[in-house]
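Each in C-alpha cells, the structures are laid out below.
Here come two complexes built around subunit A, the first alongside subunit B, the second alongside subunit C.
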Partner chain A sequence: MKPLTGFSLLRPPTLVGALEMMSTLEHAQPIVGGTDIIPTFKDLGSKPVHLIDLGLIEELNGIMEEDGKILIGPTTTHTQILTSKVIEKTAPALHDAARWIGSVQIRNRGTIGGNLCNASPAADSAPPLLVHGAEAHICSLEEGHWIPLLELFKGPKMTVLKPNEILIGLRFPTIAGASSSFQRIGRRKGFTLSVVNAAVYVERKDDALKEARIALGSVAPTPIRAPVVEDKIRGKKMSEELIDEAAEACVEVAKPIDDVRGTAEYRKDMTAVLVKRALREAWRRTGGEL
Partner chain B sequence: MVNFELNGAHVSFEAPATMTLLDMLRVELGVTSVKKGCEQGECGACTVLIDGYPMTSCIILAPQVEGRHVCTIDGLAENPLMKELREAFMENGAVQCGFCTPGILLSAYALLRDNKRPSEEEVKTAIEGNICRCTGYVAIIESILDAAERIAPD
Partner chain C sequence: MEYDRILSDLLNRDEYLVVGKKTVRLDALDKLLGKARFTSDYIPKNTMTVKVVRSTMPHALIKRVDTSTALMVPGVVTILTAKDVPGENEIGYALPEQPFLNDKKVHYVGDPIALVCAIDETTAQEAMEAVVVEYEPLPAVFDIDAALAEGAPIIHKENNVAVKTKIRKGDIAKGWKDSDVVVEDTYWSPYQEHMCLEPEAAYAVPDGVGKVTIIACMQSPHLVREKVARVLGWKLNQVRVIQALTGGAFGKKDDTGPLISGYAALAAIKTGKPAAYIMDRSEVLSVTPKRFPVRFKYRSGADGKGKLTAVEVEITLEVGAYANRAPFWLWRQTAHACGPYEVPNVAVDGRAVYTNKVYGGSYRGFGNLALHFAAEQQVDKLAYELDMDPVDFRMKNILRIGSRTTCDQLLDNSVGIDKCLAGVAAASDWAKHREPVRIGTKIRGWGVGCAYHGNSTSRSTPDWSAASLMIHGDGSLTYRTAICEIGQGSPFGHAKIVAEIIGCNLDSIKIEQPDTDSTPDSKPTHGSRGLMMGGTAAADAAIKLRERIIRVASNMLDCPEAHVELRDSQAYNRKKPSVKIPFAEIVEEMHIRGENPASYGFYTSPRRFFDVDTGLGYNYAVYTFAASVAEVEVDTETGQVEVTKIWPAMDVGKVIDPLMVDGQIHGAISQGIGFAIMENLQLKDGVVTTTGFKDYIIPSALDTPEIDDTIVVEEPYKHAAFGAKGVGEPSIISIVPAVVNAIHHATGLRFSTIPITPDRMHKALKEAGKK
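== the complex of A and B ==
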C-alpha cells in the first residue's frame, strides 16, 4: 500500500467553478466517490493532480424524466440508480446492473459518471446505457455537446474527454413497449468485477422483434455494441432458434483477452450464455412468450 | 479545517487532502472501533455511516466529510436496534476475532433500520462488502435475522 501524497483537493460549489478549474489548472482530475481513483493511488502511487470534487454541485446529481427522456446526473450514486422507480420501469437493465456494482458501501459512494469515465471494459453501467441508446453530455467552459455514449470510450481506462472537459449528464429515450435485461458473470456472485457482462434491449411488436440491441462488456478494449447481430435479428419472429443464432453470432463479435479474471475462450463461451439469458429475459419483460 | 459531526458531536480538524477519513478517525481522533484492513474499500472493516449510509472510510478523503454526519458504532451504543444486534451477535457466537464486527454491525444496522424483516438474501447482500475470515458468515447471518425478529416479531 502506497501512502497518499502530492495531490490537492478542490471542492467547487458550482459547475462553472469546476469548469474554470478544469481549464486553468494543469493536471486537473474530477473526483466524486473516489472508489476507483483512491484505490488506484494506493496501488500505483498518487498522481500529482488537482482533484476536483464534483460532489457539491447539486445540478450534477439526480434522475429526471422529461419529454420522453430520462436524464441522469453524473454524480448520481449506484444506490440512487438502484432505488429509482423510474429507472426500474424505463431501463430495467440499468437497475439490474446497479445491483451488481461493488458492495453496499461502494454503491453508496460510487457514481454512474465515475463508473463510465473510469472506462473499464468491464464497467457494469455501460452495456445497459449503450443498449438504451444513451448519449453523454460533454462540457468545457467554452461549450457543451452531446455524443453517443459509445464514443466516450477510447480504450481501456481511456475516454475522449479532453483535459478541460467534464461529463455533465446522460440521457436516453423512454420507448413504450420496450424492455431490457442485464446479465453478468463474475468469479463469485457478490462484490466482484464482471468477467463478462451483457445487456439486451428489445421492442416487441406482437411476436416479432421490432428493435433489438445488444451490448457486451469485458470482451474488448471498451464496452461494445453488436450491430451485426442486431441487424441479423431485427424484425424477425422471436424464437429459441433466433436466440441461439444471436448468441452464436455474438461470440464472433467478442474479441476478449486472457487475464487474471478469465481466459478468452471462457469469455467467448460465456458471451453466448449471457446473451441468451438477456434476450429471453428482456423479451419476457415486454410480455412476449417463448 | 474540516468541520463535521462525529457521533452527534461537532468536530473541527485540520486534515490535509491526502488524509483518509479512516486515518482521521482512527489515528488522529482515536476512534479505534473503525478498523484498518485492506485500505482498498474491499473488506468493510473501516465501514462508517455517512448521513446514514454505510461507506468505507479508507477510500474517502477526510475533507470530503465537511458538513456531513459521520457515525461509528460508538455513536450507537445506546441505540435500541444496535443493542439488539449486539445481543444477537453475542448469543449466536457471531464474533471470533472481532476485527470485522464493528463494520458488520453498522452494515446490519443500516439494513434493519430501512428493512425491518429482510430475507436471508437481503442480509447477504447487505454484508457483501464486509469480509469475515473467522466465522464463515453463518452465525453472522443468523444473528442479523435473529435481531430482526426481536425488533419486529411476527
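== the complex of A and C ==
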C-alpha cells in the first residue's frame, strides 16, 4: 500500500461542466463513491491528478421507469438499487446482486456506474444487467451514444471509455412474463468478492422458455454472455433435464483462471451449479413449475 | 500456598462480591465510543515518519547499500543502516541469528535493511524507492523438504535445523505389540495471519540526555525495553516503554513490539526528533510473523477394549527465516503430542526447520492449535476403527486426577476435561446425532474436539510476575501491572481480584497503562499467564494492603481484626454493621500510623523441571481444558462448509468474569473457524500474495455460528488466586478439530490439510464420487 498523493477534487454541478473538465483536463478521472478507485490508487501507488466528483449532478442519479424501459443513473448507489421496488419487480437479479455487494457502508457509497466502469470480471452488477439486455449511454462533450453493455468491457479493469467520456446512463426494457435470478459464490457469507457469479433471465410462455439469457462473472477477463447455450435452450420446454443441459454447456463457455480466490477447475464446476440454481429460481419467479 | 483456599478463608464471605459475577468492563464504553487511545492517537501531526527498506530477495548476500540518491530527496532527514546501530545489531528472540538491520545477508523477502526518516509519508516512500541495494542472489528454499534435502542451501547453519525436541515415555515397541488397531496419517497445518484490527505502530520521543520514551502496541513492555536497550547499547533505565492500548495482538505483537519500537527509537535518538513508525496492512501481511506452519506424521494405537496404547509423532516445524519463538512453540507441540489423554508409550521427535519465507511467531494457542487438529483426528479415527462412539472412546482415555501426561507429568489438581466432554455431549444431544442428515444439497454432521493447554512458560523456564497497588487519600486506588490490555481484559480481571480482596468499589480502581518507569515487571502477556500469573501477583499486592487496612480499621472500629469486613470501599464490624468507616478516613489514619499505603505484589510459579534426554518431567504449572461439539453443513454441490452451531465447554479453574470467558470463547470460535475452513495465506516464490482484507479472508459476523451457552467447569488450580487458569488461548484449540471431525461425520472425508476451502472440499467430494 502506498500513501495517497495530493490531487485536485473538482465537483461540477452539471453534466456539461463535468464533460468539459473531462475533455480539457489531462489525467482526469471521474469518481463518485470512491470505493474501488481509492483502494486502487493506494495499491498501485498511482498518482491521481484531477478527480471529477459526479456526485452533485442530479440528472445522473436515480431509477426511472419510462416507456417500457428502466433507466438507471450511473451514480445510483447499491443501496438505492437494493431498496427500489421497481428494480425488485422488473430486474430481480439486479436486486439479488445489490444485496451481496460489499457491506452496508460500501453499498451506501458505491455506485452502479462505478461498479461497471471499474470493469472487474467479478463485478456483481454486470451479469444481471447483461441478461436484462442493458445498454450503456456513453457521452463526451461532443456526442453521446448507446452501446450494448457487453461492449463496455475490454478486459480486466479496462473499458472502451475514452479519456474524455463518461458513462451517463443505463437502460433495459421491461418485458411482461419475464424474470431473472443472480447467484454467487463468495469465500464467506458477505463483504467479499465473488469467486464466481451468474445471472439468468427468462421469459416464460406456458411451460416453455420463450427467451433465455445467461451471463457469467469471474470466469473470463470480462463478464460474459453465453449465447451458444442460450440458443440451445431458447424455445424449449422447461425441465430439469434442460436445466442440467444448460448448466453443463455453460462449463464449456467459462474460461477461468487460478487466482488467490479460487482455482479454475472450481470456477468451471461452480458455473454449472450457479446456472442451474439461477435458471430454476428465475423460472419459478415467472410462476413456472418444475 | 494454596491460594484458592487461603483467599476464601481470608475473605470469609458466603458469596464473592465481584469474582465470578458478570461485570461491565471499565474500558468498555470508551472503546465502544471510540474514545480509547491507541498508539496512533498519541502521534502528533507532522511527526517524522520512519519507513523500513526491506529485502526484495528471499535469500541473498548484500553487496552494497547506496543511500546517496535517496538522501537527496527533499524532506529526507536521514537514512539509517546497520552501521548506525550503536549497540548490538541483534533482535532474535530465542536464538541470536536475527539482525536488527541486515547488512550481510537477507533471509526472506521483507528482511529490514535500512530506516528512512523523512518529514512525511510521501517523502519517505519516494526516498525508500531510491535506496539502492545490490544483492548477490543465493539459491532459496521455500519448503521444509527442500530445506532438509542433502546439499540444500544453508540459511543459517548446516542442515537448516534450528532446534530439536524429543520425548521417550514407556516402551513404544511394547505399545505397538499391545495395539489391536493402528492409524497413521500425515497432517499439514499452514500459516495463519492474526489480522489485528490495529496495524503495528510505535512512537518514540528522545529527551536529548540519554533517554528515549516509546509508546507502542505490544505485549510485554519490559521485553521491548530489554531488546531496544540492547540495540541502542543503553542501560535499561535509559529506555522508557509505555504500552498503549493495543488493538488486537493474539501473540503477534509480542514478536513485533520490540522490532517496531526499535525502529522508532533508533530513528529518534539518531535524529534528535520524535519519530513514528506505522505499518500499513500489506506490510503486516507480507513481513510480520504468522502462526508457524507444521507437518505432523502420526501413528497411534489402541487395544480392543478402547484404551490408547501408543503414540508416535514426528514433528517438522517450518520456522521460516528466523527461529523466533520456535524452540518454545515446538516444545509445546512435543509436550502435548498425545492430546488430553493418558498414553503409556510415547515417542515424539521434533525439529524446527529454516526456509526463506516469512517467519513464524506467537499466535493464540501457541502450537497447540495445529497439534490438536492432528491429534484429535487420530483419536477420532481410532474410535471409528474400533466402531466406538468418539465421545465414549475419548472418555475412556481422558486425563483425570492421577493421570500422567504425554511428558509423564502427574496431574494432582485442576483436571476438568471429563466434565467438559460430558457437558458438551449432553448439551448437544450427541447420542441423537450419530447419523448425518441430508437437507437438499447439504449434509449436516456433528463432531467433537478436546484440548488442553499448559499455562505459563514452556521448557520449565522459571516464571514469576509482579504488580503494584496504591491507595490514595480519597480511597481511590492505582493498580499497575505490565500484563497488557490487548483486548482480552486481563488487567480488568486483576482489578476484580483486587476489588474482591480489598473490598473496594471496582470503579475506584484506575488501571494504569504499563510504563517501564513505574510499572513492575510482570513478564509478558503470553503463555496463558496473564490472569493466572499476573492476577496472582495482583492478589499478593492486595492481600498485603488489605492486612494494613484491616489493622487500622480494627483499631478504629475497636473490634478484633477477624470481625472487620471490607466492602463498598468501607470498613465495618461484622457484629455491628451500622457503623461504617469510608476508606478515605482509613487511609488518612494509615499515614498517621505509619502503615504503607502502597504495596508490591510478587508471585513465583512452583519450580518445574524436565529431563532433556527423555523430555519427561513436570512441564507446565497447570493445564486449561476445553471440549467443543460442532455442527456443520456441507453443500455437496458447491463444497461450501457452514459451521451452524458450537457447544463450548472449558475448565478455567475459576471464573473471574463469565462475560469475559464468553467473550474469549466467542472470538476463538470465529478465529478457529477461519483457520479451519477459510483463511489461506498464499505465497509465490516466497512473496506473500494475499496482502489485505480483500484477499486474506477471515470470518465476518455473518459467518459466526449459533453458540450455545458456555459450559463452565471450575476445577481450581491450587497455586493461583481464586484458582483461576488462562482462558484466551485454550479457547481456540478444540474448535478446529471439532469442525474437522464434524466435516468427516457429514461427508466421510478426512482432511489432513487445512483450510478446507470450498474448492478443496469440492475436489475431494468429486474424487470420492460423492458430489
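Note that in this section the second predicted complex is superposed on the first by the 286 of 290 C-alpha atoms of A that agree within 3 Å, B and C clash if a C-alpha of one lies under 4 Å from a C-alpha of the other, contacts with A are read in each partner's own complex, and residues count from 1 in each chain.
In this text, a residue touches a chain if its C-beta (ideal position, glycine included) is under 8 Å from a C-beta of that chain, and two chains touch if they have at least 3 such contacts.
Because the structure is a prediction, the values reported are computed rather than measured.
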Partner chain(s) touched by A:152 [first = subunit B, second = subunit C, both, neither]: neither
Touched partner set for A:1, first subunit B, second subunit C, both or neither: both
First, second, both or neither for A:46, with subunit B first and subunit C second: first
First (subunit B), second (subunit C), both or neither touched by A:167: neither
Which of subunit B and subunit C A:191 touches, first, second, both or neither: both
Contacts of A:254 with subunit B and subunit C, given as first, second, both or neither: neither
Touched partner set for A:273, first subunit B, second subunit C, both or neither: second
Set intersection of subunit A contacts, subunit C complex versus subunit B complex: 1, 3, 5, 39, 43, 190-191
In the complex with subunit B, residue positions of subunit A that touch it: 1, 3-9, 11, 34-35, 38-39, 42-43, 46, 51, 53, 55, 79, 102-106, 108-109, 190-191
Complex contacts: residues of subunit C adjacent to subunit A: 121-122, 125, 280-283, 637-640, 678, 680, 682, 689-690, 692, 694-695, 697-700, 702-703, 757-759, 762-763, 766
Residues of subunit A defined as touching subunit C within the complex: 1-3, 5, 39, 43, 45, 185, 187-193, 195, 260-263, 265-266, 269-270, 273
Of all residues in subunit B, those that touch subunit A in their complex: 17-20, 39-42, 44, 47, 50, 53-56, 59-61, 63-64, 66, 107, 110, 124-126, 128-130
